[in-house]
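These are the structures in question, set out in turn.
First chain A sits with chain B, and in the next complex the same chain sits with chain C.
Entry: the complex of A and B
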């Protein structure tokens, strides 16, 4: 089961209703949260991916189970978060982390992680980081990664404030990752 | 990129209605501004009574079963959804005059206008579609 914040049952509905329902429910989803859409309309996979692109949300992926399609979309804000300035100074490139031995900390939502992450990366979504600090080792190098470097920037700042000194923000992040991917779907 | 979609509905069968309202609601759900200009038989699609009894093309009546099986919403439902999503309906004044129809014969919330009303809206719309 992939973790999501809000679920929408659109099973049995034909085009265009899965899209119409998704649009309505998305109004109640907070920025950064993940919406799961359950649908049986076979066209919904292509349609929801296109819809997310048009409207500016992040289509994470689709999983089929027992004849039902489970689609995952993460709500993004109107502004493109790629252009938000990053404040954390210690950064590292995607290529460099593969050659080093520290911990890759993936702070994206659980659903994003499930649809593809760097092999060996540890998942702690941004929203859970503060209460899961005990799982991390202050002596170890930590490479914080997300999709575009924005969430990981905030996470790296938080870790630094909590006394972690070997922290790096990975840029550009998973959006520019061309290496191997592990999936948990 | 234009954020407006302009649709002309000029035919009045059941298939035509699905083409018009599926595209219109999908566009509106994708945060586009959508207006439909209903002219000639296209007026059936928003006529209070006629929209419940739109005909299939001759010889295609066997598709009724397919519509039911696919759980496709009926046309009055799609009209309502389109309205909720803010799709603008413009009924053609000239056609209404010819057919002796008034605004009250149609679903609530429509505008009545002439060709220029639609053209003014559609001048910077993309895509503009005709059914």
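Entry: the complex of A and C
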């Protein structure tokens, strides 16, 4: 099962109800959290993806299991995170990390990671990073990656404050990744 | 204000009678751009229903007050929701009963012409999908050609007319829609004919449809003569009915010609297609009325809603019949191919009898426009 913060059961509901319900539940989802929508209406995949795009949420993906569609959407605020200033100074490009052999640390949510990550990348979602620092090696080169470089910027700052010395923020991040992807769906 | 439903049959009459209609299509934009209800005098606005969840205030000015307004979605639910919002905003609105799904399934029977001794020929126009089926009737007997899968439309029509279905033909193994031919034959005891070269993999019994086969309908000597005309598929066959009508299947359309690639053999079949269109058809009488198995664009409809044109006129007007240079012809029909129809490989499997999906799955497979032609 893919991890999500909130689940919505829209099974058996016909269009437009899956989206009507999703919109309502989205009000109770915090920014950055992942909503899982369970639906059986086949049209819900294309419609949820298109709806998410128009309102600015991130449609992560859909997997089908036992006749049920599991859709994953991450709540985003209206402003485009590309324009948020990044504070962490040591950055590295998507292309450069493929040639180096440090650790790729993917701080996106578990669902985002499951629907496609760089082979070999380690997953620690941003919200869990502080309590899972023991899993990381302070001396190793760490390339912190997220979707657009914003969460990874915050994560890189946190790691530096905790005494990690070889930390890089990867830009532009997974949104600009054209290389190989591993999936866990 | 009021919300009323409009049926696919009512929409079909508006298409055929050249009526005005304002369609608010609330499906998502990809679906709308791929395939929509086409009418000569229809106006359109596409706004996905999920952008209207907070109401229609922002778009109400874009909806004309002096036209009938029809809200359309995939299955019905969303169009009803939006039609109610329009009504709350003070306007009348219709929603399409059963949505695009029912539009895709609707067949309008239209008489194409008279046959000898009081016989009649009907064309069943499937406006939503561009499929054309035929029923020839003479003295209590009927023959059906290229029936779509809604078999009861044909059996009910035969019953209304008081005729017995004796012969059921498919001009070729279809790849874009599911044939109802075999099932009609099973239900009525009629003979089912299919070209053997298209039927090598079928898993049921059929009567081979071969060059020169003549079937007599009724006592009036109406002849249905088979003319081998490969090119769209290797077995593709045309029919001449009563020396008046040429049923071309998917070989020749009004404003385009058949595509040779849906069984995966474009390169191999180009020469067959050329031979059929440029030699075999040229030998036929120019006064034959061409009746194809599909239309692609609404402009191909005549004023009475039929899709039919004199062969001689097509030789003059159809671009696909006027490419002198063989190399250029080859290039046109292999390089300019439109996307392949939705689920065409599965549809072929269904028509071979190899798989038997549920009704819902069949509907799903047939979603989208017809794409059997190349222009």
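Here is the rule we go by: the second predicted complex is superposed on the first by the 185 of 185 C-alpha atoms of A that agree within 3 Å, B and C clash if a C-alpha of one lies under 4 Å from a C-alpha of the other, contacts with A are read in each partner's own complex, and residues count from 1 in each chain.
Note that a residue touches a chain if its C-beta (ideal position, glycine included) is under 8 Å from a C-beta of that chain, and two chains touch if they have at least 3 such contacts.
Here the structure is a predicted model, which means the values were calculated and not measured.
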Combined model on chain A where chain B meets chain C, clash or fit: clash
First, second, both or neither for A:12, with chain B first and chain C second: first
First, second, both or neither for A:181, with chain B first and chain C second: neither
Touched partner set for A:87, first chain B, second chain C, both or neither: neither
Which of chain B and chain C A:54 touches, first, second, both or neither: both
Touched partner set for A:68, first chain B, second chain C, both or neither: neither
Partner chain(s) touched by A:46 [first = chain B, second = chain C, both, neither]: second
Contacts on chain A seen with chain B and repeated with chain C across the two complexes: 14-17, 19-20, 23, 47, 51, 54
Touching residues (chain side chain B, partner chain A) in the complex: 22, 25-26, 29-31, 70-73, 81, 85
Touching residues on chain A, where the partner in the complex is chain C: 14-17, 19-20, 23, 42-43, 46-47, 50-51, 54
Chain B contact footprint on chain A (complex, rising order): 12-17, 19-20, 22-23, 47, 51, 54-55
Residue ranges of chain C touching chain A (in the complex, touch as defined): 28-31, 48-51, 53, 73-75, 77-78, 81, 364
